[in-house]
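Structures for review follow.
Each of the next two complexes has chain A plus one more chain, namely chain B in the first and chain C in the second.
Moving on to the complex of A and B:
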């Protein structure tokens, strides 16, 4: 590929606009650090940028472990928005998937010969559970015209309270007030990652929580990329998101497409729950508190930063996880870790400027008559948020006449 | 009777914030800008006004302090919503982006500032509740109605009803309301008859910011004695109430009351003899408002009509 082609590619302009938003966000972060404690501000920024690397290999492993669920929820929200739906219900699908994975991880008794498949069964079930949880908003949207945003918000709360109830009923460790550890066979294997991400303290090998779940998340992103961009099925789903009525006219079963989009998005979130919670002793457990799972909402900035592109979402999730880990280490300088959320929020806000910026970049590198225009979503009679969510996608190239 | 009066009084505490915030969202949506930042703006409004009360409560107390806090919450809400307005109107960006950014920014900002500014470096902001009205003079003595509306209440409840009345009149009986609705339905048509779409949309978003900020304060005052950087997802629930209420003021009132009543039953069922005797665990009760809303929605949404242009940036040169 020659240099000119690289600059002309849309991926390049998108990446540049995201990276400049990140720079602005970090700059604001530095200002905030200066305001709160000027003497250590630069050191603080260094810690944020170092992220997981502050704790060497184990720290990096931890940030990859943290990235795994938000890759999945980011994919879920990104996929739904490519198909014209705003999946704000990723939290509910995530926590329901997590519970089902833990339930099977704790309760399922397999004969010796089948024990190897325990974690696979648990993951598959978490996926199905997430999909079923999203099926309800999908059906409601397609057949009853219920806005998917409102039904998903309701499903978030129902899922949260339901999971709290069932955790306390079936898999509760009342000493720690957390969900129980899953069986050894239900822990996702490491597949060699424990040989990379560990720290030696004397003779003790301190291994990071990361496991093959990370590979699975990457694989899921690639599968979604292929489905969306290389298959007729993906094309139909996208067409439906772009204009439901035109798709119907073109012979696509638009109701089926809406339901399937929602279910696939739910499966991704549910799988994310399984991937996070099927881990060894030092990993996460479900806390029984009346708070909606934050991983679902964190998927929204990841999807936005990754421009709803599955590959972009991987990098966005890695970045968010990286600086979130940095925020944890920032506490040693007496800074408040919430500063990271502020930085991410500012990055997201400035990515709103990206259209402006993309036009500037395209003017710098592109032929004059090719221009990026804003994608304002389905014309005609859009559903609420349909325009907004379609707008999550990249700008669309248009040739001037 | 005691129980019913108690239920009604509690229902206000849950319904009024939802009502105010959903009405705020209505102005924004009707002008053509989807405001999913309601939750974040509520948090900022609650944070700044509760912090104001925290600082001023040694000097003053009671209703004057609360009214000043109301002003603070309204102002801070408007300022916050300016960011959303600028991104989604001037920059024509996707309206979910700035909404998400604000929702993420608000709790982080509240925690960060509280821990930086307060001497004890904790994120909770404490306040003394000196605002409860035991009984409104004269009106509180009316049998039944006095119990429902004028005892054990807060001045914010009446502000909520005032907001509702103003919203119903403004939206349907004034020039401004007509123009606002036109901008949300067909901005190009509105533009062609000389309405400044950008200005109307700014007005819509600013009003929604003011009301969301107010809603944050109204939510925290009766239900707690400290502010912990959260409004328990009420901004998202208000969004649900707004859709449930079909973007119409009176229907929003009923949606908010319905949801508030369900929520009250869920949180006070142990005080209701009939429900307390049933062998149903508390988590199931907590689910009831959400399940009930879903069921009602399933039966009422077939003819749902959102403002047509909501969520779509207005471009003068567009078709």
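Moving on to the complex of A and C:
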């Protein structure tokens, strides 16, 4: 038995399925482009595909800046799904983390000697806030068997309205109707990225908003990858995700695992909020509007497209950010903004089909080495997201032997 | 003699495996034809082909000499083919009558006409001696009765070819007798029966002919009356199998596991599933808890192993009170558990075989280093167990357990639990749904465990297993231990009476 070979072929299948999902998405996007304005459709597709590259280095930097938070929410959702939970509450955790980061960034007064740590403290607090926000659905799920989807959707609304209220109360810039700028010391440093991602307009250096937050997101993905695949802790969490009952049977404290999975997922989302909003002058600010943070929901297709694999999620987030940037540049053609949103949504929507395509492709390319199918029927492997609810059903209905 | 159904040269492939390889099965009108084979031999696939659930790649199906095509179960139904599935397909909060007519309701202008249906059902019930109560709710009647409802469903639909998929797995000895009687009655009335099983006794008892499958291939069709059980099992497994378990007399030593006045509260409802149960298991003996399914065995085991809280009473392991310890603490104290439901409790199906084999050990120093799992050590250990316990999986240690056959999944659990080297091994239905080869193997392992001076608590619904393996039999009925028997003195009939609650020894 050759282990390496197996992993390679699995990785191959996964990559192929994600890429073909993207192609399907682009194809449908093209159809919509043709329907809404056929004369510029191909040109439009070109702009979408060029993404941030349309605005040269700065545009790419902006893509990466936008990719940073959705890497984090994608990781959050992917991590939760690996452990059998559907963290649809990433938006709430994200915005709560964002607010705490901004609050500390604006209000915290540090002595000169400690000023260097301002942004780090703000980021750590955003993580903690996101974690606490997810703790509540986690506890409900583990001890009261309340479905985490419902409770975290509620937490999304509580988070959004709560943040709107507190932003107005404490860190509101009423002239711009946005949250205030954070202190210089609370802005995440550039760590050399400003020397790469800028455009020169005459003598003026137009720098992208991207900062070291991008590095932090990549590092988080690597840490999550190691935790999930190499550690005892990850082994326990995944075991609970796949089969809560067998984990309990084996002596794993499955309630603790559920709570911890939720909290870690929340911390990742919360950190994502901090990373997006602790930025300099041309970056994002919290708008006090009654809209749930889209970064949380965008994490879902990112996690799906990346097949919940932390490394896959990085690439998926880069793709989604790239396409979204492309959509912004599409406005130079004759497309209404709503149509652009629809096109981008459709591409992302179909990209999330990679899970489905993976099964098709693995059937096409690979023998499934199902040892003995006859008495059990072809062993269907449920998707990761289906796993959570399938696990619940196991308790009700005994499976065939 | 004409054949009512012929399946000729059926080949059905799944990716990576040929489930049925050129199988021919001919069913005569008015016979009971057994289909014998190990798990994974292709019995269910073949029946699914006949029932229209799978399309075969090759082969033809004939009815009364004419070629037919069966695309889905509705086609099968139209052709008079009916099936009693191993897990009944009944609506639990419907009455017997409602279940029987479900899908073929007699209606007038869209309104139900129950009277006509009721009359037909009762006529059929009387004709075949099924004795069902049409107004009872399914949830209130016994498993044996539920099976009769399934049979009535087929009769109501005027099916002539009846497929029984392992019908006896869930029944008591008395109920099995009854079922056999009903099957003979059905044949007498001109029905033809296909009977899937791997119990040779039952084939001997009722079947006229038997087709044996092994590893997807047809080994042959034999006349049951002319063939010995040994020959049949050899055809099925491909080698000679011993039926009686060879074991020496037990030499019980010190008590290892003591249960005192154990009571378990119900999860729902007020009826306590386990009431005031006391028993002791000593070193070097196999104590068996026998009983009909649903008499508190599962709850008792859950309470013993810590999966369910104890309401009252004490559990002692080697003299130490473990009543309120966590599952892991109990494991470390020397308790091992082969669970009843291997898919729900026993295995993480989407984990690899190696990951499953260390499910109770991964946290030990041997397999981890500062919180990081030592995968080379895990794989080495797993390869060792695979070798020692003869677990067969396509890709060895890295095979995903979901893709393995039931028998090998069970072997993996047995390997994991026995290799834990427990003081007390609690084995619940360790051979359920396995074929004779695997059963023989697991029985041997349990006896080895006993002969090593360890204690074994066996919970089983299979009376043969109870009689063959145990050194002492405790009978559980409605959550209480009603008898403590010596298998050498007790008879199966006696055991059956205790199990059904008709008899009760006051001594216990």
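FYI, the second predicted complex is superposed on the first by the 328 of 401 C-alpha atoms of A that agree within 3 Å, B and C clash if a C-alpha of one lies under 4 Å from a C-alpha of the other, contacts with A are read in each partner's own complex, and residues count from 1 in each chain.
Methods note: a contact is a pair of C-beta atoms (placed from the backbone, for glycine too) under 8 Å apart; a residue touches a chain by one contact, two chains touch by 3 or more.
What you see is a predicted model; the values in this text were computed from it and never measured.
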Per residue count on chain A, the busier partner among chain B and chain C is B
**OP:** Mind working out whether A:233 is in touch with chain B, chain C, both or neither, as first, second, both or neither?
**Re:** second
Q: Classify the contacts of A:149 with the two partner chains as first (chain B alone), second (chain C alone), both, or neither.
A: first
**OP:** Would you sort A:250 into first (chain B), second (chain C), both or neither based on which partner it touches?
**Re:** second
The intersection of the chain A residues contacting chain B with those contacting chain C is 374, 376-377, 379, 381, 387
Within their complex, chain B touches chain A through residues 29, 34, 83, 87-88, 91-98, 100-105, 107-109, 111-112, 115-116, 233, 236-237, 239-240, 243-244, 281, 283-284, 286-287, 289-291, 293-294, 297-298, 301-304, 306-308, 310-313, 315, 318-319
Residue set of chain C touching chain A in the complex reads 14-17, 19-20, 39-45, 48, 86-87, 216, 305, 307, 326-328, 330-331, 337, 339, 341-351, 355, 359-360, 362-363, 368, 371-373, 375, 392-400, 402-406, 408, 432-433
Chain A residues touching chain C in their complex are 1, 3, 6, 230-233, 235, 238-239, 242-243, 245-253, 363, 367-379, 381, 387, 394-395, 398-401
Chain A contacts chain B in the complex at 32, 36, 86, 88, 136, 140, 144-147, 149-151, 153-155, 157-158, 161-162, 164-165, 168, 290, 292, 297, 300-301, 304, 336, 338-342, 344-346, 348-349, 351-356, 374, 376-377, 379, 381-389, 391-392
